[in-house]
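Each of the two complexes below includes chain A, the first together with chain B, the second together with chain C.
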Partner chain A sequence: MTDVEIDWPWQYSFPPFFTLQPHPETRSKQVAAWKSLILTYCQKTKTYLIDVREASQFSLFNNSTINRKLEHNVIISILSELHKTGNAASVDKAKNRWEIYWHTLEEWASMIYEFISSRGMQNTVVTLYELMHGEDTQEEEFYGMQQDVLIKALKVLEGAQMRDHIGRRCSRCKVF
Partner chain B sequence: MNRIKYTNPILLESESTVVVENNVRLYDGHQKTSFEGGELIITTHRILWGRPGAIARGQTCLALHLDLVVLVEEESSSAFSFSRSKKVLLHLSETTEESDGPQFTSYYNFIKLSFREGYSNNVIGVLNDLLQKRLWEPPSPEVSPQQHLPTIKLRTGIIGIERSLQEKQKATDESITVAFQDLDKLMSMAKEMVKLSRTISTKIKEKQGDITEDETVRFKSYLMSLGIDDPVTRDSYKSDNHYYRELAKQISDFLLSHVEEMGGMMALTDVFCRVNRARSLELLSPEDILNSCRIMESLGLPLKLYQFTSGVKVLQLSTMDNEIVAESTALLIEDNGSLSAEELSQRLGISITLAKERLLTTEKYGKCCRDDSIEGLRFYPNLFLTKEE
Partner chain C sequence: MRRRAGLGAIQKQKLEQEKYKDKGNEIQENQFEQMTKQLEVFKVNLEEFASKHKNEIRKNPEFRRQFQDMCASIGVDPLSSGKGFWSVLGIGDFYYELAVQIVEVCLATNEKNGGLIGLDELRTRLIKARGQSKQHQEISKDDLMRAAQKLKIFGSGFNIIPMGKGKYMVQSVPGELSMDHSSILQQAEKNQAFISISYLRRELNWETERSKKALDHMVDQGLAWIDLQNPQEKLYYFPSLFTACVNSAS
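Right, the complex of A and B next:
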């Protein structure tokens, strides 16, 4: 996927990590480790979308050095766990495609709001493209963000009455 | 016709007359012959034909040995003939013998018997019966297969099939009885053997010193491998409970050292095999063993029955505890890095089922974790819980 060097945790080269453990205490530890690993991985590689069907292509779920793969249903159950904390959401009903939010949508929203307010750009119309690929945002974490995720984050702002969404088709927004 | 011979109408040894018919004409194939209006006698061995009264007077007559007859059938008379005459076809086998009969050669492989006035007896039935019995053969039970084959061919139709089935049944029946006779003998012999060994062992006890120490020891070891000296049997107890209690004591006495050897645990199937092997004669049913194992714990015996969550039942030392098992197994896993059930079974000298149960118990206590891959199920030290932060 990417050339980004990942600092794999010790679990990644521990074969039992790729089998869902039946012992409840062990399993909770294992799932927690997976959750943090997935989020770290996605953050490092700027992955916003994971397709479970193509999971074996991700080095995340497929450690070729010890020849272990994470099963699809296990991936889905871990992603469902992530969903509970607002760090992931399935895009389709079959739960095959998942958006990963290594920052929750609320965190993204407040990040954007801070960016806007720090530049005094309230009440100005900003295009989504500017937010995603603009020169000003190059330093920000949401640079290069996927549009679907960005819109979802902005909708959170909308819900908080801090933003007026003008002309979705024109892909512009205004923050108060 | 060339198979028919001139002969004396004197009956052979063990031959007897079966059917007598009058006014019979012989045909060679489809051709009429001059032998007509004669007397036909079917015996157990031959078919005899003579001029009226000739046979009774002991004059020469014609004879056809039944050995040569392959098939008997009635010639269906045409629809337009209303005569009472009936014809019987006799298909004959090839012969190489020089004929001394009325005709040297014949184009046909069958002759016909024409009964001008019909026949009073069921000639065809009688002939078929005789052909099957083959009374002319010496009465030895061993019939060579070549001789046997034609008779099998004769059995056509449903009756034939039924008969062959019956014969097969008879044969299996016989072989079964023979087999069990052997077994009975073995059992009776075994009882004697055990008795004998017992008397010898008591004699040895009495006469210790007469034989060298070495021999005594060796003989005793033979006796030991023969089994338990005085097995507890159901007959000697009035109530089942009492019986089970005594049985439990004996089993635990006998197995204690073995269980210790096997690492403190023995599958119930192994228990069953070992106990019955040792008893050799008064065998126990699985139910009896299970029942007596159940009450071991309440009797305070050094062994107890334990059932794993998977349903596998084992007999284990009552001092043994799941936690201790888990602890020791975890240590083993740590020493080896990781273990599969097979490896553990080899290491401890226990069965794979038991090894797997041990690993699962250890996992249940959170002392190890599993790795389920295409290479099989392996267990690793539980680093998730121990190596955290």
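Right, the complex of A and C next:
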């Protein structure tokens, strides 16, 4: 886990934040706070994948200062909420491994498209590596992006008829 | 001489009683008239005083409090009368404005504290929102209390809960809070914003049932959060008393 300074919200030091609240209104406030905290945390730490089984290793779900942890099933239910808004998706059937999209795939896709078109690179073949780690993309939000997530974002472009199938096997793509 | 219980005696008695009554009424009327006159004079003087010190009233919280006390002692409420000379003074306006700002702060913080806020936090936030000039900054807790009292006319949605030692909380959600609930808040305030059934038993000698009923009610009102990860027992937390929540910017 990368050690990045997180601006923890006040709830993070509030012990009951780590217990799912029974009162519906309070719970919805709690879940909303968790959703935004998870996205902020993942964006700051560039975390693309969360394995719920290893959740206690994330300071996000485990505040050792107050000795409180978020339970697995609660994490899963919050991640499922994030799934509804396109901000997360489980990648295995047991719902243990989750990809987190602090930008939705659509947002990622349009960012990549912007990048490509701003450089007049339409219709040229670009490797995934170039997008993820190329010199040109260093300033881009998607720099250092995880390949699985990148491919999914590119598939969105493909669905929008803006990317060609070719070259997928050899980690290249072409954007029109 | 033997007194005879005749018709004459009864009539005589009746007559006497009537005379007493008349005299009594006369005296009462006299006194009333005098008092009305006195009050009238006092009111005129007060009016004069208020218009003379209008600016002072708006600017100086201590002066404001004394003026209010003075009004209260003669049964005049400069806040309740929007008509007449009081409206000219703008004293009511001062408090109405404050009341609106109180509602705004309560609404803005409802998201995190569930509609319960300490008077100190309320004051800090309100002052921050009011702007920089000195006149805007000098709002005393007394002013806030008076303005908040006025909000009670909107029904049970607004309430001031005394916490002892000059501390108060303002509740801005409907739902009555009883003495038990106030006591719980007082205890939680002393105990870093949380409370438990055994704590209440120790401090207030309450039966489990009593504590449980009161605490569950506060959870149902969205005022308390539960924490099940304490090894000993279930804890009840109040965000409105939790320091990090009180101090958080949003």
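Some notes on this structure:
As a convention for this text, the second predicted complex is superposed on the first by the 176 of 176 C-alpha atoms of A that agree within 3 Å, B and C clash if a C-alpha of one lies under 4 Å from a C-alpha of the other, contacts with A are read in each partner's own complex, and residues count from 1 in each chain.
Everything that follows uses one rule, which is that contacts are C-beta pairs under 8 Å (C-beta built on N, C-alpha and C of every residue); 3 or more make two chains touch, one makes a residue touch a chain.
As the structure is a prediction and not an experimental result, all values here were calculated from the model.
Look at chain A after the overlay: chain B and chain C clash there. In the superposed model, A:13 makes contact with chain C only, not with chain B.
Within the superposed three-chain model, A:21 lies in touch with chain B and with chain C [touch as defined at top]. Only one of the stretches 111-119, 129-137, 147-155 or 165-173 belonging to chain C has C-alpha atoms clashing with chain B in the superposition, and it is 111-119.
When both complexes are aligned on chain A by C-alpha atoms, chain A residues 10-11, 14-16, 18-19, 21-23, 25-26, 29-30, 67-68 touch chain B in the first and chain C in the second. Taken together, the chain C residues at the contact with chain A in this complex read 111-112, 114, 194, 219-220, 222, 225-230, 235, 237, 239, 242, 244-245, 247-248.
By the touch rule above, chain A contacts chain B in their complex via residues 10-11, 14-16, 18-19, 21-23, 25-26, 29-30, 33, 67-68. Across the interface of their complex, chain A is touched by residues 338, 363-364, 366, 369-373, 378, 380, 382-385, 387-388 of chain B. Touching chain C in their complex are the following residues of chain A: 9-11, 13-19, 21-23, 25-26, 29-30, 67-69.
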